[in-house]
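The next block holds one structure in the form of structure tokens; read it before the comments.
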Amino acid sequence: MLRFLLRRILGSFVILVLLTVVAFLLFFGMPRDPALLMCGKTCTPDALANIHHTLGLDKSIPEQFWIFLSGLVTGRNDFEQGPCPAPCFGYSYHTNEQVWSTLMDRLPLTLSLAAGATVAFLFVGLGTGLLAAWKRGSFVDKSFTAGSMVLSSMQIYFLGPLALAILVYQTHIFEEPDYTPITDNPAAWFTGLIIPWAVLSTIFAAQYTRMARSSMIEQLQEEHVRTARAKGMSGRYVFFRYAWRGSLIPIITILGIDLSSLLGGAIITEYTFGLPGLGRLAVESVQFSDLPLLLGVMLFSAAVILLCNIVVDACYAFIDPRVRLS
Amino acid sequence: MTSPIDIEGGGTSVVVDGDQQPKSKPEEAKQLEGRSPGQLMWIRFKRDRTGVISAYVVIFFFVVGLAAPLIAKLYGKDPYTVFADERPELFDSAGVPLQPNGGISGEFWFGLEPGNGYDVFTKLLYGIRNSLMISLAVTVATVLTGIVLGVAAGYLGGKPDQLISRVIDFLLAFPSQLFFIASMPVVVSLFVSPRDETPVYVRVVALIAVQWVLGWMSLARILRGTTLALREREFIEAAKVSGASPVRIIRREILPNVVTPILVQSTYMLPNFVTAEAGLSFLGVGIVEPTPDWGQMFSKASTELVMQNDITYMFFPGISMIIFIVAFNLLGDSVRDAFDPKTAR
Amino acid sequence: SSGGSKGSDNDKQDKENAQRQQAGISFGDAKDSTGPAAELPGAKPGGTITVLQRDSFAHLDPGQIYVSDEMALSQLIHRGLTAYKATSDDGKKHEVVGDLATDSGTTTDGGKTWKYTLKDGIKWADGSPITAKDVRQTFERLFAPFISNGPTYIQQWLANTPGTEYRKLLPDGPYKGKHLPDSVLETPDDKTILFKFKSAKPDLPYALAMAGYSVVSAAKDTKVKYDKSPMTSGPYKISEFKSGKTMTLVKNTNWDPKTDAVRHQYVDQFNIEFNKQFEDSTKAILDDSGANATAISFSNQVDAGNLTKVLADAALKNRTVSGYQPYVGQMNINLSQPEMQDKTVREAIAYALPITPFVRAFGGTDAMEVAGGLISPTVSGYDPKFDPFGKKAKPAGDPAKAKELLKKAGKTGLKLTFGYINTPEGQQYSTAMAAGLEKAGFDVQRQEIPAETYYDQVSKVKNNYDIFHTAWGADWPSASTVIPPLYDGRQIQDGSSNYSHINDPKVNADIDKANTITDPIKAAEAWNKINEYIVKDVVSNIPTAYYKQTQIAGSKIGGLAYDDVIGGVDPRRLFVK
Amino acid sequence: MTTLTKETGAPVPSDAGAFLSVRDLHVSFRTEDGMVRAVDGLSFDLERGRTLGIVGESGSGKSVTNLTILGLHNPKFTTVEGEILLEGQELTTARESELEKLRGNKVAMIFQDPLTALSPYYTVGRQIAEPFMKHTGASKKAAWDRAVEMLGKVGIPNPKERAKDYPHQFSGGMRQRAMIAMALVCDPDLLIADEPTTALDVTVQAQILDLLKDLQQEFGSAIIFITHDLGVIADMADDIMVMYAGGAIERGTTNEVLRAPQHPYTWGLLNSMPRLDSDLAAPLAPIPGAPPSLLNPPSGCRFHPRCTFQDRVGGTRCTDERPLLAPDRASACHLTADQKRTIFIEEIKPSLG
Amino acid sequence: MKEDLVLPAPREATADSSGDPLLVVEGLTKHFPVKGGFPIRRTVGAVQAVDGIDLTVHVGESFGLVGESGCGKSTTGRLITRLLEPTAGKISYRGKDITHASRKDLAPIRSEIQMIFQDPYSSLNPRQTVGKIISGPMEINGIEPTGGREARVRELLEIVGLNPEHYNRFPHEFSGGQRQRIGVARALALEPKLIVADEPVSALDVSIQAQVVNLLRKVQDELGIAFLFIAHDLAVVRHFSQRVAVMYLGKVIEVGDRESIYTRPRHPYTHALLSAVPEVNLAEETETGGRERIRLAGDVPSPISPPSGCRFRTRCWKAQDKCATEEPPLVRISGNHDGHLTACHFPEDPTIEARDEDIVLDPALAALEEGLNDD
């Protein structure tokens, strides 16, 4: 198992390198010249060439690529702005900041958003899903199922503005979404993110309700669950010990996907609520043809996705001894 | 709704065309013309009221989309007329309709869009039309790709399978939204002609292409699994023993059997593509004004102008999309149940 | 016409203010230039002001500063040789006074040689004195290649060349041991600076007041890195800057109020937060609770969506200030395009083009005023009655007339490539404008241009657009910063702001003539004549709108005033009530 | 249909003192296609310490009967009528909590496929210890020791270590042993073994059968042994009940049923079974036709569409009237006792070789 | 359902007059690679599913192959039908070496070697009608029988005892036994000379099983088709096969005619297998111990690392040191009839008569029984 995980990690690095290649190609396919942006109003061909040179854009693409890759590992010293320790994604063209520190700057918001929403939707979604499965066929089950069907069909770009319009602008119950670091002011952190959390977790929770319910019901029909009942174990024990464990596998699979998309920057969410997280950073990097930043965000998001995959695999192993011991 | 009939041999989680029910149906015994699994599915589906209603709703949306120009003609307006300039008396100088509720009236059924004052009713019609067409195209493209690559990987195994699986892994590691945003301008620029407006079709093609590139993997994976499972089934060996060529085996033995997962997956994929397309347009990298589009309407709806002055506007794209997605998802569930009555929800 | 009645009250006042400015700004003498600045009524020291800004400050190096939000910041942290001083308590009358210099400058030869003497006791934030050496460094480094964003007037004047050729005068800046010769810039001692131009430059005191010519410390000049952490000299210094997120300004203890006639240092601290869209900042300030009560924005306006609501509420309106921005919007007709060389076609465009979409997209008549000419109400020489194409009466355009013209010229169905800026507003107004033009019989092809590179694209000589919209703001209240850069045909080159590629001999000649007029009133008249000729006779540029803006502050903010010269809230006089 | 059920009504209980007594049991499932009458009027008794073998074709309701005894059905889709008395306690109407106390304690079950019937998530030891803890209130440690002991008893080598293994680490035979250990951990009075050897190889099957027999002697439980292999049943059972289409059609001791079967279906089973000692010249004599649909079972005698002796009964009794199964040694067939005897001796037995 | 099979006259002479064997298999071996290793996956071992077996099937003969689960029976069948590529050894069909023949090379032989499968549910394509399924092989091989394919299919349906009118039905409309008949019809469609039947009746109920066994017997007798009949049920094999081979862990350990294997087995494993079959004793009252009881201990060892020497030695009660070092050859040992080969160093007596005492090799069982005897 450990070997399997190690192999996954190695594979992930290969994927990341390939991804960098694609991102590089994509960037050079873009119909814009980042140097032009930096060059400003009084740009001359000389100045432009100069900028090209300082950015290293005059080198061949493979050469640039190699410099970039090695910088990731060893850090780089060839920047006018100063040295750039590993992992060095370089300096943003647009803000002249180190990409890595920019990423780390934006990360807390993204993390907060993802963590809060995840806690909420897991709690609510799994709770309602389990309840529905427990009371299969009852009114509660039917109303949960119907409700989750409708809610999970909503989109952030609809529910978000709607929630803002009603809860913030019209009734002023909640505050405008805003990010305060939790270390600065936990209360402000909480109130500032409550609407995005609520909206995200409503939509996600509804999906988890459906999923938890169906995978639980599927598990309850497993033969080994029947065996447990035949042993005289109580309904609740069987439900929570036997069925629950197996139903976690599909849930964790989806959770891995959801988490990786949340952690890699929930672009639409951040857009909707005007929160400057990684998602916004990603959009900005595209807008400003900011190659180092774009690469940074892409690689970071991809790394998060791959990491989530590996964690999911590890979770499988944790849950299922068949995986662990093979 | 379906009872948990305990049928021998649990069956894999992959929905291979299951015909595990040995129950002979006496009433069918009379018929000499046999019923194919597809026909049985159809019969089962027709009994499912939710499914049938959802199907009607979905069909309604497609009809609306198809007939949008006709409906607009009967209604007497088009989604491109700038009513803020044509009928300035209806707006203030910032383009907000003066009448309450976004200017809903007998003349403008769904009101007028704040800003340039487009007619919301026709805009929604055309928006549905464009969004559905794009999503349908993406679905078709991804399904075809998924079939070709998934079935190839599953059937051929070995090196091709390795290669395709690695490609799938690789693409799945892509931050897809970010990739969409980053690549849309690139793809568009591949088509740009210098003196003409970036034609709408270029954006549409780009949207389709970009979503297609990152959209086919899940289906391919499922089909690969299904094909792998099918390959183990003995009727494939029977065909091989008879000397059938791989092409024939894929065409005659495998493809008819993956129709079910394809159909089920497609019904789940299409609404996803609708929302993804809307999401891109929402972010401003998809379809842009004045081409009507569902997502672009959301984008408009989330502007301060609309949120502060005309909240009514948001509900038209919002509610219609929810109805569509719910109906489509219910339809998907029903289709799945009809194929695979074993799954108890 | 579009209902703009609500803002009429406002309108009148804006116009009055602007009118006052047209009367001209005087150049102050030593007395006017002596600090400290007069106390404001009710002002008290202390408190923290939150500043909500949309964009992060990309540049802090004075040499790179040329955009309004950075200019606003510069008012607080940088000082130059001259500065505008508000001569009325409401911050609406101005004169140019000496800032670091003892006066606004003296010339003895009609503006060819200018002499400035530095005040005593002026210091950098680190306590070291500001000397003529620093001033020399300030100007010499502007020739270095890495300076690419700031104004170029003085460089061009010193080098006596148009465009970017000035850089040849000192290609590496002062960094490789070369310096400007004394025939151009002379610093005979630590206190004296002499500018020597080949031709009269009567506008120098104005130019020196630009943020872009604020002083840079010779000792601490870190070239590119200076842009991130400059040496400051104003009443505030930067204590922390997280690009894209926040900036904190605290009092600079080495700033001596006695040396500064234009700035105050009431507030203890400014907390600047970035990434606040207009909507966000407006909502926060409207909220007016907690830190929001002392919130303001240097350059964010009340967003289009809230504007009507804010102006309709008396209590809210009290917290707002409004005025013109120096910008004039204009539709450029690219005269290099063969089809556009037909004047009838251009006239048809001028008649057909609806202005309402533009006004609408930016929030209606409270934010935009339909323009008649190319000179803004904030600039001397503005004539409110000039409106050759009847745009003020028919802002939605006159397609019938245009159609007629086109028919006469036999050019119906003409393809018109319309490059537009790819912002939500750009999309909105360009589609409606295209619809209006199409009514007149044009075949409009809209082409999006990414917002970030919009001006780069349209300022290329070889661009494919027939029409595109730009806006230009005067750098100081004289049309000499409008007409020559935009309409001088000898300036056409990549990156120049002669977007429509107008190269009319009469215009060129008239510009040269106007440039030599030293009497501001007469000069203003001359400039206006050129403006009218361009609009009416050349028809290369169709004025669309004068930009107005309304800004809002929290209820605890005192000293709130709209400064027409700065083009926004004057940050130098703010205090917490 | 209701009239039919009444007709087949329960025969008089032979002895109220039987350990397990099933009376006129009806189990039907609501499915999409209609009502599946999986068990239709079944009655039988079981004494302590004896082994009842239930044979019958696939789908004849063997498993359902036994699951019903333990109440392991989803009540939403199932209707259960009739009585199940365990030492006088009525089980069909018992509350879930009552049943929980019985399950795994007094009545235990062994399922057919040990791989799917054991939870993959917990160690074998834990799964065995669990019911022991629950039913005896033993401590964790004691229960574990008991589990190890039981594993040893069923012949798992090195039980101490193997108890920590997961089911997938066991071979098929070992899994079934673990299953048996789990069933026997609380010393049940009744053990229901639902085809415990069908998934196994012959050599392993022989091991398991021996084990069950030995354990029964040691524990003295009653066993219900389900299979469709007559050979296995001959080896294991004291009594045999033959099921067809949801009902019992013949009952008796093993010797009686195998050596002097009375029902045409039983004859058919014997005839179609290849044996190591049968005559090779004679082809097997299978029962013609296919098992009936439970959705729409044949009228009268359920077996009549496949029965070759219908004409001996005469009239339409076979198609109209459902034959009753008398208590004790009996068969549900309209043939007279004499007919049954003579047909078996004259026509059937010779072909059995 | 028609029980009396009306078979048309055989289409071809039933036997090659030459008397040459139809199929000869020599040293056939199949090893499946086992992947593993780190960090790069590679082959680290092999499942020795079939490890050097020799078989001969004569024309028109039914040859049985028995053995426990996992001993390589199916693999052998699939090697012979060339669904799998042999690792080593030689397969010759009618004297022609087909060991590594390509699909094209095999084309002429394909129609002569057919297969019947175990699982009646997975062996028929649920998406094809019965007609399509049965005519498929003809279509592939371009066979156009006189009267057309459809007529031929109807004929075949009739042969296997199905209603020819069911031509247009789908497999799910049939019961397991009926499906197995369809499978048989498909195999017959090409008029094969050899049918490899891989546990064709294991999945069926006894009564249905008997129907299918009878059908196969009829087909074999009347059409003269040779069968390689794979099963784990010794009783069924006895009913169907004239010669039988017993496999253990990828090796044939005993082969001979029916009589020899069932009444004069020599290999201890054959003895154990036979004694493990539960039997209905129809004879009048006798004690259960009418037959010897041999209970093997434990399970079949892993085919990845089979025991050295004789593969059965780990479970054999007669095993000695020699068994571990020396692999017994498959030979005719003294006391065997002609053609009865056994691979054993210490064979049992050629009898299945009752022994003095039961051989119980299961330690747990032994312990239990001892305990019981003590009481």
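So that you can tell them apart, the chains are marked A, B, C, D and E in the order they are listed, and the count of residues begins at 1 in each.
One rule holds in what follows: a residue touches a chain if its C-beta (ideal position, glycine included) is under 8 Å from a C-beta of that chain, and two chains touch if they have at least 3 such contacts.
Predicted, not measured: the structure shown is a model, and the values here were computed from it.
A centroid comparison over C-alpha atoms places C as the chain most distant from chain D. Each chain's centre was taken as the mean of its CA atoms, and the one lying most distant from chain E is C. Our note on geometry: chain A versus chain B, Cα centroid distance of 24 Å, whole angstroms. Centres computed as Cα averages put chain B at a distance of 51 Å from chain D.
With centres taken as mean Cα positions, chain C sits 50 Å from chain B.
Put simply, the C-alpha centre of chain A and that of chain C have 41 angstrom between them. Multi-chain contact residues, meaning those touching two or more other chains, occur in chain E at positions 175.
Residue positions of chain C touching 2 or more other chains: 279, 450. In chain B, the positions touching at least two other chains are 4, 10, 24-25, 185, 299, 307-308. Chain A makes touch with chain C in their complex at residues 32, 36-44, 46-47, 50, 80-82, 94-97, 102, 105, 169, 176, 274, 276, 280, 287-289.
Put simply, chain B touches chain C in their complex at residues 80-82, 84-85, 88, 91-96, 115-116, 185, 194-198, 284, 288-290, 299, 303-309.
Those residues of chain A whose C-beta lies close enough to touch chain B in the complex are 11-12, 15-16, 18-19, 23, 26-27, 29-32, 145, 149-150, 152-155, 157-158, 160-162, 164-165, 169-170, 213-214, 217-218, 221, 223, 261, 264-265, 267-268, 271-272, 279, 282-283, 286, 294, 297-298, 301-302, 305-306, 309. Residues 38-39, 41 of chain E touch chain A in their complex.
Those residues of chain A that touch chain E in the shared complex are 3, 6-7, 10.
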